[in-house]
Amino acid sequence: MTHASRPTLGVGMVGYAFMGRAHSQAWRNTAAFFDLPCTPAMVALAGRSRDQVSAAAERLGWASAETDWRELIRRDDVHVVDICTPGDTHAEIAIAALDAGKHVLCEKPLANTVAEATAMAEAAGRAAANGVRAMVGFNYRRVPALALARGLVLDGRLGTIRHVRAQYLQDWIVDPDFPLVWRLEADKAGSGALGDIGAHIIDAAQYVTGDRLIGVSALLETFIKERPIAQASAGLDATVDGDDRRGRVTVDDAALFAGRMSGGALASFEATRFATGRKNVLRLEINGSAGSLAFDLESMNELSFYDHTEDPRTAGFRRILVTEPSHPYAGAWWPPGHVLGYEHTFTHEVKDFVEAIASGTDPEPSFADGLQVQRVISAVTHSAAHHGAWTAVEGAEDAARAPSPTATTG
Amino acid sequence: MTHASRPTLGVGMVGYAFMGRAHSQAWRNTAAFFDLPCTPAMVALAGRSRDQVSAAAERLGWASAETDWRELIRRDDVHVVDICTPGDTHAEIAIAALDAGKHVLCEKPLANTVAEATAMAEAAGRAAANGVRAMVGFNYRRVPALALARGLVLDGRLGTIRHVRAQYLQDWIVDPDFPLVWRLEADKAGSGALGDIGAHIIDAAQYVTGDRLIGVSALLETFIKERPIAQASAGLDATVDGDDRRGRVTVDDAALFAGRMSGGALASFEATRFATGRKNVLRLEINGSAGSLAFDLESMNELSFYDHTEDPRTAGFRRILVTEPSHPYAGAWWPPGHVLGYEHTFTHEVKDFVEAIASGTDPEPSFADGLQVQRVISAVTHSAAHHGAWTAVEGAEDAARAPSPTATTG
Amino acid sequence: MTHASRPTLGVGMVGYAFMGRAHSQAWRNTAAFFDLPCTPAMVALAGRSRDQVSAAAERLGWASAETDWRELIRRDDVHVVDICTPGDTHAEIAIAALDAGKHVLCEKPLANTVAEATAMAEAAGRAAANGVRAMVGFNYRRVPALALARGLVLDGRLGTIRHVRAQYLQDWIVDPDFPLVWRLEADKAGSGALGDIGAHIIDAAQYVTGDRLIGVSALLETFIKERPIAQASAGLDATVDGDDRRGRVTVDDAALFAGRMSGGALASFEATRFATGRKNVLRLEINGSAGSLAFDLESMNELSFYDHTEDPRTAGFRRILVTEPSHPYAGAWWPPGHVLGYEHTFTHEVKDFVEAIASGTDPEPSFADGLQVQRVISAVTHSAAHHGAWTAVEGAEDAARAPSPTATTG
Amino acid sequence: MTHASRPTLGVGMVGYAFMGRAHSQAWRNTAAFFDLPCTPAMVALAGRSRDQVSAAAERLGWASAETDWRELIRRDDVHVVDICTPGDTHAEIAIAALDAGKHVLCEKPLANTVAEATAMAEAAGRAAANGVRAMVGFNYRRVPALALARGLVLDGRLGTIRHVRAQYLQDWIVDPDFPLVWRLEADKAGSGALGDIGAHIIDAAQYVTGDRLIGVSALLETFIKERPIAQASAGLDATVDGDDRRGRVTVDDAALFAGRMSGGALASFEATRFATGRKNVLRLEINGSAGSLAFDLESMNELSFYDHTEDPRTAGFRRILVTEPSHPYAGAWWPPGHVLGYEHTFTHEVKDFVEAIASGTDPEPSFADGLQVQRVISAVTHSAAHHGAWTAVEGAEDAARAPSPTATTG
C-alpha cells in the first residue's frame, strides 16, 4: 500500500499552548517515520481568540482554525479530537466529542476530579461499543526506555517486585515572586505538583510494573502561600506597573506519599516544583527479586538494568542506550546512539493511537486508566487532609490489605 | 610537642566483628595522619571466647585480651571504652563504663529501645559533669563530603530547606534462603533495616540540615517472613546437613516514611535490604531555596552542589571531589584526587573523639543525639503499627505542627 | 510580519537516505519553532530511481520528485539546493548549483579530496559575490551544548587553551561479516572513520576553541581487510544465497592522531568504528588555564564546565543541562529539562542557514571551513602513510611551529 | 598457624614523604586484613635529617631511624628494603640492597634512565638466583577494579583487543607561579608528567591487556618554561621575601603519544599536569572484539564492562562495583559496597610482595617490567625529539611491524 492509497484521518485539536505545540509536532511528523495504516491530516485547530488561533494554526501546520471547539466537533472532516486544554475543560469537550463519534486523545491528567473522570470513562465505554476510541496522554509510556522497562518486567527479568521509587522533581516556582499562573489555581488545575507531574509517575510506575497502587499515606505542602497575581488572571487593571497584589496559591507545591502496590511492593512517590536545580527529573527505580531497573527522564535514552542472575563478579547496573533497532519505537528513527528527545514521546503516542483506530482495538492508556490515576490522586489528597492516614484507592479490590504492622518495637 | 611527650590515652574495645575491625583500623592509624593531642594506645580487647578474642587482638593490634568487658572497665590503663557489640548490650556496658569514669565511644544505634537510650543519655549527662565524654558512632558524619555538606548549609548556601530525600539501600538478604542471623532477630537487633541503616540516614539528614524530624508517617514491611535457622543461633544440632528448619523473622526488611523537619522541610526516608543490585547506597538529597546538595555513599568522595545564585547559563550540579586541603579531614591524607574509603570515616571519628577528650569538650554526636534518633525510630514503628498515622517524635516541642492539609481537592 | 506575508524559500534536496531523512525533518519543522524571516517550501526531492524517489518524497513531505539533480537545479521554484548524497558527488552538484545561483547546503565532509573541496570553495567564493550562500553541514555545531561551549570560550571562561581531547567512537562494523557497504569503499567515501566521523571532531574542536590544527602525527588502521561483498555493490549475481565472496576494504577502520592547535594547545583525536559498545560517543574535552569543558554526544543535552576561578572548596565540574531559555537554540523548544535529540541539530542548521540567506550574510561553517577540514584529513592521511611523521596542515601559516622537543631525556 | 608462630619479616624503608607515608600505612595494616605467611615488622626508617627521620618514624610506626640508607642495608634485622625516594637514587640503593641479599620493593618509575633500569634489572636477576626478590611499585595493578579487568581479559571476555585509550590527567601545576619543585627538574625526576604519571598508564595498559607497546609516535610539551625557584632548591637566600627569581623547567608538562600494541591494537596515551579540574583522573578504556572495559581512578571502586555477546536489547556498559568477595583483594576488607581508597593499593602490593617472598616466587611487576616501561618512556622521548617520528620500543621483537599505511587518500 502506498501512502497515497491510504485513508486519511482528519484531526482537530483544541488548545495550542505547550501541549498543543508538542502534539502538533507529533501529528506533523509521525507519518514520515512510521508506516501508518492511515494518513493523519491536520484539519483544524480550535482556540478562543481568532487572531491567536489563526496564527498558531499557520505556524504549527493546521489547515484551518476554529474559535469554538463545538464547531470542531461538528466538522465532518474531523475524525479525531485532540484535547490540549487545561484540566477543567477536559470532561466537557471529551464527552461531547465521543458522543459525536469522534476518536479522542485527551491530555493528562484526564480530569480535575474523580467525578469528571468517571463520566469520561463512561463516555469512552459507550463510544467503544460504536468503534470510537479514547486515549489519555500519559506520553511517558512512549519513552523507549520505559517501554523497554515494561517489557523486561513482562519477561520476568525483575521477578517479584519489592520496591518502587518514583520522583518527579522540578524547580520552576522556587522563586516566591513567580506569579500565580493557572497551574497554581485549584479551580483550573485541580491540584498542583500532584496532578501535573505526580500523575505522570503514578501512571509510569503502574505501567512499568503492571501493578496498581492499592493505598497511600500522604503529605502535601504549599511552601509559598501567596504569589503575585499574574496579569492574565487579574484582568485589565492588573497590568499597572508596581502592582503588588498577591493572591492565594490554592494547590500543592509538593506531594509526598508512601503506598503499597497490588503485587506486594512498597512504593514511594514524590512530586515537587521546589527541587532547586532539578529541571525535569523523573526518576523511577524498581527493585525485584531477580533484578532492578532505574530511569531518569533527563537521560531519557538510557535505562539502567541490574540482572541478579549474573555472576556477582560481573554483575552491575548496565546502562542500556535505548536506541537499538530491537528497542521499542527506536528502529524508526536514527542509527544506534543517535538520541531522541522529549517530543518524540508524542510522536510515538500518535503512532499507537492511529494504529489502534485503524485496527479497531482500544488504545492504552484508556480513559479507565486515567480514571484510576485520578482515584489515586484523590486518595492522596484525602490522606494528606487526614494527617497521613492510610487511605485505600477506590476500586482496588484488594485494598483490604492494609499495612501489616511488623513485630519491630522501638 | 613531640609525639613522645604527649600523654597516652589507653583504649579498650568490646567486640571484634565487622565494627570491631573497623574501629581497630581507626585506632591503629589515626595518629599517623592527624596531629593528636594525646596518643591512643590499643590496650585491650574484650570478647567472650578466650581463643577467639586473643587471636583477634593479635591480628588487629590490641596489646592484650579480656574475656569479660567488666574486667576491661576495671583496668587503670583503660581510659576509653569503645563498644562494638550488638545493640542489646550497649546500655549495660556504656552505663557501667561511664559510671566508672571511662570515656565511651558507642556504636550506633545507641540502643534497642528509647528506655535504654534514655538511661544511657542520663549516664552520659552525669559523666560529663565529671569530665567524662560519650559519643555515639554515627560515622557517616565523618565522610568529608557530608561534613562539607553540613558546612555549606551552615554558610547559608542552601537557603531555606524545602526537601530532604534520604535512602539507604542494600540487598544482602534478597535471597529467601539467606539465614536468620542476629540482625534479623528483634531481641538482639531491636529492629531491622530501620535501626541498622535507617538510623544512619536519620542522623545524616538531621546533621547536614541542622533540623530535626518532628513527626512521621511510616510503613514497615517484612517480605520474607521465615528464614533458615542459622547455625550460630540454633545451637549444636542445627549443624546437621539437610536441616530445613526455619525461624520467624522478627524485624523489618524495609522501612519507608515521610516526615517533616523542624525547619519546615518535607522529608522522605527509605531503608531497605531488598534493593537488588544496590550494595551500600546511601543517597541524600537536599533542596533549598538557594541551592541543592546530593550525595551517594557508593561515590563517597563526591558531593553534588547546585548553586541557585549562579547565572542559569552556567548553573548546574557540580561534582565536588572532596579531596582538597580545604575540605574537612581531607588535608591530612593524600594529594587532591586520591580518594578515601569507607574505613576513613572511623579514623576521623577517632580523631574528633580524642580531640574532644583532650580539650574537655563534649563530642558530637552525643548520647542525647543518639537518644533522639531512637525516638524517631520509635515514632516510625508506632506509625507503621497504626497504618501510617501521623506520629510526633517525642521531645520535638514544635511537633504540634501537624501536616497542614492544603486546599487541593480531588 | 505574519507568516503569510513572508517570502517563500523553495528548497530542493538531493538524496533521501539517512541524511536526507534528517534534513527533511528539519525543513518540515523549523518554521514551527523559530520565527524565520522567510518560509521554507519543500519543493522537490531528487534521486535516481523514479519509484523510490517518489515514495520518499511523499513520505518525507516533498511536493514533487525529480530523477536528475540537474533538473532540480534548473527549476525556478528551487532557491536552495540541499545535498545529502555520498561524498563523491558533492563537488559536481554543489558547483553546478552555485553557478546556477542556488544557495547550497552540502553535507559533510565537503568532498572526498582537497582538490574537489578547493574547487567547491572557489565556487562558493564566486557565488558569494552574487549574494548566493553556501554552507557545509557540520551539524554538531548546532548542538546547544557545543554552541554554549563555544560561547564560554569566547567569553574567556577557559583562558589559554592547553589541551583538546576529541574522540568519536562507534562500533557498527565490529563484526567481520558486516558487508562491504559504500562507506567502506575509498572511491565513494573518500576515507573511512577519518572522513566520516573524524571530520566531525576536527570541526567541533576547531569550532569550540576557535583555533585551527596546524600539524598532525597520525596512525590509521584497517583491522578487517576483507568483508563480504554487499548485494548493492556486487550487482545481481551477488544476491545468490551462500555467496561467500569477499572484497577488499579500502578505507581506514580507525584513525588516531596527535596534533597542535594554532593557539598552542596539544590535541588528541581518535575516530573509530571498532569501539565495541560505544554507539555514537563523540567526546570533547578542553582544558584551559581558567577552566575546562567536557561533552559527550550520547548525553547531548549536557555540558560539563569547570570554573578554575571558583574557591576549591566548592569547585567541581558542573553538569549544565543545556535546556534553558538563555542557552543557544533551546528557548525555541520546550521548558527547561525537556531534552532535545539528534535531529534537532539539523533543525538549528536550517534555521541559521535560512537566516543567513535572508540577511545576506555568509553562513558558517563555510565551504572554506569545509576545505580546511579536508586539508586536515589530507595531512592525517599523509602522516599515517609516513609512519606518523609530523605533517603540517596546508594553509596553516604558523605551521612552522613544529613540535618543540623538550629537555626531557630517558 | 597462629600469628605468633609465624616468622617475622623485618622491613626497612628509605624516604618518608608522600610515598613513604603511603607505604608505611600499608606495612602497618596488611597483617590485620590478610592472612600473611610471615609477619612484617617495621624495623627502621632511613632519611638524611636525624630530627626529621626520627619524628617521621615515630609518627608512621617505625621502630627506629637511620640517617644513612647504607646502615639500613647492613642491619641483620632488615630483610626487606622499601625504596620511596626520588628516581635519581633508586638504582644505587636498589642494587646495593639486592647485592646485600635484601628483598627490594622500589617505587616507580624504576629509574630515570634506561641505563640505570638495565643495571637494576640485572641486579634483580642475580638476586633472584639467590632467592632474593625484587618488585617495582606500580601500585595501580592492585586496584581491585584493574585486577578484575586483567582477569576478564585473561578469561577472553574482550576477544581480540582493538583499542587502548589511556589518560592520566592532573592539574597541580596549572598556575604559572607554582614553584620549581624537584619533580620539575630533569636531573632529579628524569622526566615530568611522562615518567611520573605516564609510567602508570603505560604499565596499567600493558598489565590489563597482556600486550606490550611496540612503537610510539609522540609529542611532549612544556607550557610554562620558567617558574619561581622553590625555597628548598634555592638555598638560604631564596627565602627572602619578594624574591622573584625564576628557574627553567627541564621536564615535560604533558606527554601525548599514539602507539601500537604487540597484539595489534591501536593505543592512545596522554599524561598531563595541565588538565584543569582533573585532580587524579586515570582513565583506561579498552575495546575488544567481544567486549570493552572502562575505568577511572577517581571512581576506583568501579569497573565498566560491556559484553558484546549480550542480546543488544539488554546490552550496555555495566557498572561493576568491585567490592564483592569474589573480586580481587576485596573480600579481605568490608561488606559489598563499602568502598576502598587510594592507599589500599599499597596494602595489596605489600600483601603480594610478602607472599611472593614467603613462597619463593618472583613477584610482579618485576624489575624487568620496570625496565620495559623505561624503554617505552625512552622511545616516547626520542620520538618527540624527532617530531613524532615512529620509534620502536627497544626489545619489542615484533616492533618491525611499523604502522601499515592504509589505502585511504585525501
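Going by the order they are written in, the chains are A, B, C and D; count residues from 1 in each one.
Note that in this section a residue touches a chain if its C-beta (ideal position, glycine included) is under 8 Å from a C-beta of that chain, and two chains touch if they have at least 3 such contacts.
All values derive from a computational prediction rather than experimental measurement.
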Reference subunit C; chain at largest CA-centroid distance: B
Of A-C and C-D, whichever chain pair has more C-beta contact pairs: C-D
Centre-to-centre distance between subunit C and subunit B (centres being mean Cα positions), rounded to whole Å: 54
Centroid distance [mean C-alpha coordinates] between subunit D and subunit C, Å: 40
Centre-of-Cα separation between subunit C and subunit A, whole angstrom: 36
Set of subunit A residues in contact with two or more other chains: 278, 315-317, 321
Residues on subunit B engaged by subunit A in the complex (per definition of touch): 113-114, 162-163, 165, 167, 169, 171, 174, 186, 190-192, 194-195, 217-223, 250-252, 254, 256-258, 260, 264, 266, 268, 270, 272, 274-278, 287-292, 306, 308, 315-317, 374, 377-390, 402-410
Complex contact set, residues of subunit D against subunit B: 2-4, 18, 21-22, 24-25, 28-29, 31-32, 55, 58-61, 170, 172, 278-281, 297-301, 321, 323, 333-344
Subunit C residues touching subunit B - in the complex, by the definition given at the top: 148, 152, 157, 303, 305, 307, 311-321, 324-327
